[in-house]
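Once you've had a glance at the structure underneath, I'll fire off some questions.
Chain lettering (A, B, C and D) follows the sequence in which the chains are written, and residue indices restart at 1 in each chain.
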Amino acid sequence: MSSSIGTIFKLSTFGESHGVAIGGVIDGVPSNVQLDLEAIQHELDRRRPGQSSIVTQRKESDQVQFLSGIFEGKTTGTPIGFIIPNKDQKSKDYDHIKDVYRPSHADFTYDKKYGNRDYRGGGRSSARETACRVVAGAIAKQILATHGIDIFAYVDQVGAISMQGEVRREEIDQNVVRAANLDDAKRMEELIQLVRKKGDTVGGSVSCKILNAPFGLGEPVFDKLHAVLGKAMLSINAVKGFEYGSGFASIEMNGSEHNDAFNADGSTKSNFSGGIQGGISNGMPIEMRIAFKPVATIVQEQDSINSEGEKVKVMGKGRHDPCVVPRAVPIVEAMAAITILDFLLRANAVKLTK
Amino acid sequence: MSSSIGTIFKLSTFGESHGVAIGGVIDGVPSNVQLDLEAIQHELDRRRPGQSSIVTQRKESDQVQFLSGIFEGKTTGTPIGFIIPNKDQKSKDYDHIKDVYRPSHADFTYDKKYGNRDYRGGGRSSARETACRVVAGAIAKQILATHGIDIFAYVDQVGAISMQGEVRREEIDQNVVRAANLDDAKRMEELIQLVRKKGDTVGGSVSCKILNAPFGLGEPVFDKLHAVLGKAMLSINAVKGFEYGSGFASIEMNGSEHNDAFNADGSTKSNFSGGIQGGISNGMPIEMRIAFKPVATIVQEQDSINSEGEKVKVMGKGRHDPCVVPRAVPIVEAMAAITILDFLLRANAVKLTK
Amino acid sequence: MSSSIGTIFKLSTFGESHGVAIGGVIDGVPSNVQLDLEAIQHELDRRRPGQSSIVTQRKESDQVQFLSGIFEGKTTGTPIGFIIPNKDQKSKDYDHIKDVYRPSHADFTYDKKYGNRDYRGGGRSSARETACRVVAGAIAKQILATHGIDIFAYVDQVGAISMQGEVRREEIDQNVVRAANLDDAKRMEELIQLVRKKGDTVGGSVSCKILNAPFGLGEPVFDKLHAVLGKAMLSINAVKGFEYGSGFASIEMNGSEHNDAFNADGSTKSNFSGGIQGGISNGMPIEMRIAFKPVATIVQEQDSINSEGEKVKVMGKGRHDPCVVPRAVPIVEAMAAITILDFLLRANAVKLTK
Amino acid sequence: MSSSIGTIFKLSTFGESHGVAIGGVIDGVPSNVQLDLEAIQHELDRRRPGQSSIVTQRKESDQVQFLSGIFEGKTTGTPIGFIIPNKDQKSKDYDHIKDVYRPSHADFTYDKKYGNRDYRGGGRSSARETACRVVAGAIAKQILATHGIDIFAYVDQVGAISMQGEVRREEIDQNVVRAANLDDAKRMEELIQLVRKKGDTVGGSVSCKILNAPFGLGEPVFDKLHAVLGKAMLSINAVKGFEYGSGFASIEMNGSEHNDAFNADGSTKSNFSGGIQGGISNGMPIEMRIAFKPVATIVQEQDSINSEGEKVKVMGKGRHDPCVVPRAVPIVEAMAAITILDFLLRANAVKLTK
């Protein structure tokens, strides 16, 4: 119910951060697609903790094991089951919060919803779950690539530091922030290091672009392309907002400046529409931006309460991310890929030719 | 596929702006709920064209006719079918754009997706479809009211004019803008009139609040409460962005200021979380904000192309909204009500007591 | 929740037998298909009461009105909304059973489930709802016909009278029983008339064949082709059993006689598999058989209880079917067509070509 | 798409018979239910190969490993992920059929549908997948037991040998056939041994009863209780037919004998309805019967073709079931439990109390 996404290309995930393993099932995969398994692991490594000094130092290896649906390197068309065993589960790191509701975490709401709580690191609410999305997204990316569809994301803001330079795609994975270029990366990294030393955290935002998507993706009413992309992005941990094209800036614009004039070939001179008109892709680059709040775990003493409603003090321990966006980039790309592939298959379904 | 929303409380809609009627089916309605049918019509009247000088002057009466699922004033538990006949369909108003793709409308994308186009006023992409959402939302509101859950929305910005006063709930429907209070309404209305006289349009935004929602609504992973609310809002015509709680402002915040400290009763001192933590309601007011672009139809000559790819000039005719937000308020409330009721039923499902 | 069927080609229905109208929404329709609206009405006429002396004499005209999704005779790809107004609703015919639970009707279970009851003719449990299926099925049939797929059904047994002759397709609609040929029809009709005169009813069964379905329809595990066909058929009022291919007779067979030997072209010498192996169509005719119980309404006095749990006598009034199978034939065909088209679209979805 | 069942209590499975593991995800599980893990394994052992001389002698241990969703012995309310590693995979047993389509197996249809084939033992079409259903069913059974709902099944026919004695529940698991009593078991076992010695196979049927189900389960139109039960049962490998209550025998009955007369308490004197009226449970025992064909693998030489369309001879090797029904009993029970629990949760969802 809660743990599936997609209508045809469909991902169901399971697993808590401190259980035996997390994992998932990917259904609706076209058959006979040659998969590059190393490229899938590479995407996981981009999300992995411990990859640089500005992310959490937990040492999860995040090795995916495929259990089904792939035979002799190709998709069989049947469900791809996979697991990522949990290792380095320092459950005792969490003993101090066993009965404590950490502010702005999901501790309180989970406890109230389910009447129980896996206090070992967030349980199901842990962002560790997103590793499963990256696996499915990496597979979706490879299938989309056979159609020339290309997805990438980068950090465009950290705290008050917005990007100023241009997007240099080859530089995104050359910097630990995953900023759009090395110069902006440097400025953003300085802020993250500063925040980290204070035991504090800071918000940020990620831009995502989908190139070469065909027109016709998206459905007219409830399943508008940007609505489903929005849901996919908002379902990522710590996301607080989603906009596409002109986004919130459109509030202050007039129609006469906001309308995208057509070129003779159907492309548009501007792209305030963000590649989507009436909920359907128009062939222009699909552009969106996702806001992430500052991570709730801080190494500072905070007032809180425990499950008995008593006032307590709580302070995070060392292994957390001072800023979530560097590791969010591959997750954003994954959710975009999963969503676009699902819409491609949906569009495909009704193109009924003899 | 494209025209349904919800998992248990489920709305499916149909209809084009210039066909015989629009309508829908509402499934998953709890039985034996006494409905106030006038209150449903009242919500439609809040969305209706022609209600004031700052909205489109089309004269749609929007009278809902219920066909099933209600017997002797009560819900029966079976699907509620309803139609809203189309009247005042001045199809000839659209003759001038029969082969023309209006900039930033859905004309081009629909034509490309479906290989056909109902040129009479936007067809399925017309915002007229949202009347069906208002019907379902009004029913959901009444069911939620029996649980004390209260939903309301108001315009918080039009163009560069942001609200400055406080929310005075009784004043929202006393002003044509549906601003939060009469003073802000006056300033916003002036801007809309100015824009209207120029034949132009302007964007705006709507805030929505859900009071007295119980904790535990929302699902942990993909169907986080804010993700599904976000999808619901993003599916409304002209929406470009969605944020909840601190939203995009959280980007520039530190964790130490953003975390919501607990009171002893589990409520929080601040509400940057917007009533949702880890995707699940925490009992605080659920707060969100939705950005609407300026309406694409302007009474100004614009460059465009026709379906042959030839350059043409296009100019909108009189009956359009200079700013969409006053009429969007009841739609936003409807989508919130539909979503919250569905989550209430989902939460209910697994509370299995003997 | 309860009132939708299909995953891509999707029908949602609404309506009670004695409300304003019944109707439905068909979503997931391929665009630009030329529809023969008269052929749709013709299918409804095959299901209609009053068409012969061996079916109920209620005079429902069953005129379908399309409200959306069809423009200039072609499907637009958006949802097809339709209604069938209820007429000749002799609600007073039901006054005598207002508080009475008729034996083997749904009166008792609906009352217990919903805590209310539309006593006027069965409400939502009335077989009148199946008219909506016939509309959707007729559209599906026309789309399938463009792929050469051909569906037909006939009555193969009434009471103890089994068919003895062969299937002469042109004779099926030439006889009021819709038996496979005129000779068998005569024998079956005699039995139905005999039963009718006694105020009694009798069961029967319908065979359905799907010709020229391509191989590859059906999904391997839960959505096996015959499982989804079975659900579709079992959802028709009065159905008590479903079998395909060798069906229940396979219980007494050995594998050495039951296995379908291959011809060189992949077709099989026998067809005990009923055109389906491992849940997937194999290119042979798909064959199934559906058992219908005797109609519960009889013109004989029966012991029963009322909603107070008191013993009462109940006797049906005149306008009922002595045997349901003649009118069930078009419904069976409709459900087959809806199911097969949905699987065709599902198979289509994942055939991803550049 | 193909590999999920249920709307609230939802099972998604994955895995091929000769891959690394099979497994699944169970979503929509009520939280805080104490689980008896040994009882789950016990159900798997009832389905396991090698448990007696009349079933296949493959030595699969079928040990389930739970990966998530259970904490300190209780359900957490989050998805239960589990795997059953594949062992004793004698893939070389299948070398002789690598390019051969075995008659009445899924080899041909899978190859045609997916354009590839995991020839090692049936791949996804292997009945080994049903072990995952047994896991989910065992959990569902335990949850249902807390409501007093009780499900059991037994073999009622093997070949031409029908049961003659009564159901003695304690004897069902005391005999290797899982017949209703020891006397019938003896007669049936003799037939199975006879067939096995000839290298042949034989069909059979299973009866299933659900006791103490509350009234109100099932939905009125497409998701009638028996329709969804029917789909669940028809999705089990080798099933050819489904009937409930009077089933196919109702064809030859009159309404006057078939109608179930009410007792004063709402129960009925007879139960031709099989506990379901109008698609909704009426509080009487829910009764159904499922027909299984003879297993297709026989140790006899058969004519067949290979993937090149050339005529070949094929003969099954030793490790197969001469009759599938003894091992089908726990699978039937599992599908019944999964379905009933899902409907219980669905009914629960709309019972909205303050």
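Operating definition for what follows: contacts are C-beta pairs under 8 Å (C-beta built on N, C-alpha and C of every residue); 3 or more make two chains touch, one makes a residue touch a chain.
Keep in mind that this is a model prediction, so the values were computed, not measured.
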Going by more than half of the contact pairs matching by residue number, which of A-B, B-D or B-C reproduces the interface of A-C? B-D
Count the touching C-beta pairs: is B-D or A-D ahead? A-D
Rounded to the nearest Å, the gap separating the Cα centres of chain A and chain D is 39
Just give me the whole-number Å value for how far the CA centre of chain C lies from that of chain D. 26
Intercentroid distance (Cα basis), chain D paired with chain B, Å: 46
Which residue numbers or ranges of chain C touch two or more of the other chains? 1-4, 7-8, 13, 28, 31, 77-78, 113, 124, 220, 346
Across the complex, what residues on chain B touch chain C? 1-4, 8, 10, 12-16, 19-25, 27-28, 31-32, 65-69, 71, 74, 76-81, 83, 113-116, 118, 123-124
Residue ranges of chain B touching chain D (in the complex, touch as defined): 7-8, 28-31, 77-78, 143, 146-147, 220, 344-346, 348-352, 354
If we count contacts the way the header does, which residues on chain D are in touch with chain C in the complex? 1-5, 7, 13, 101, 103-106, 108-110, 112-113, 124-125, 129, 157, 159-160, 195, 200-205, 215-216, 218-224, 226-228, 230-232, 234-235, 237, 240-248, 250-256, 258-266, 268, 272-274, 276-283, 291-298, 300, 302-305, 309-311, 346-347
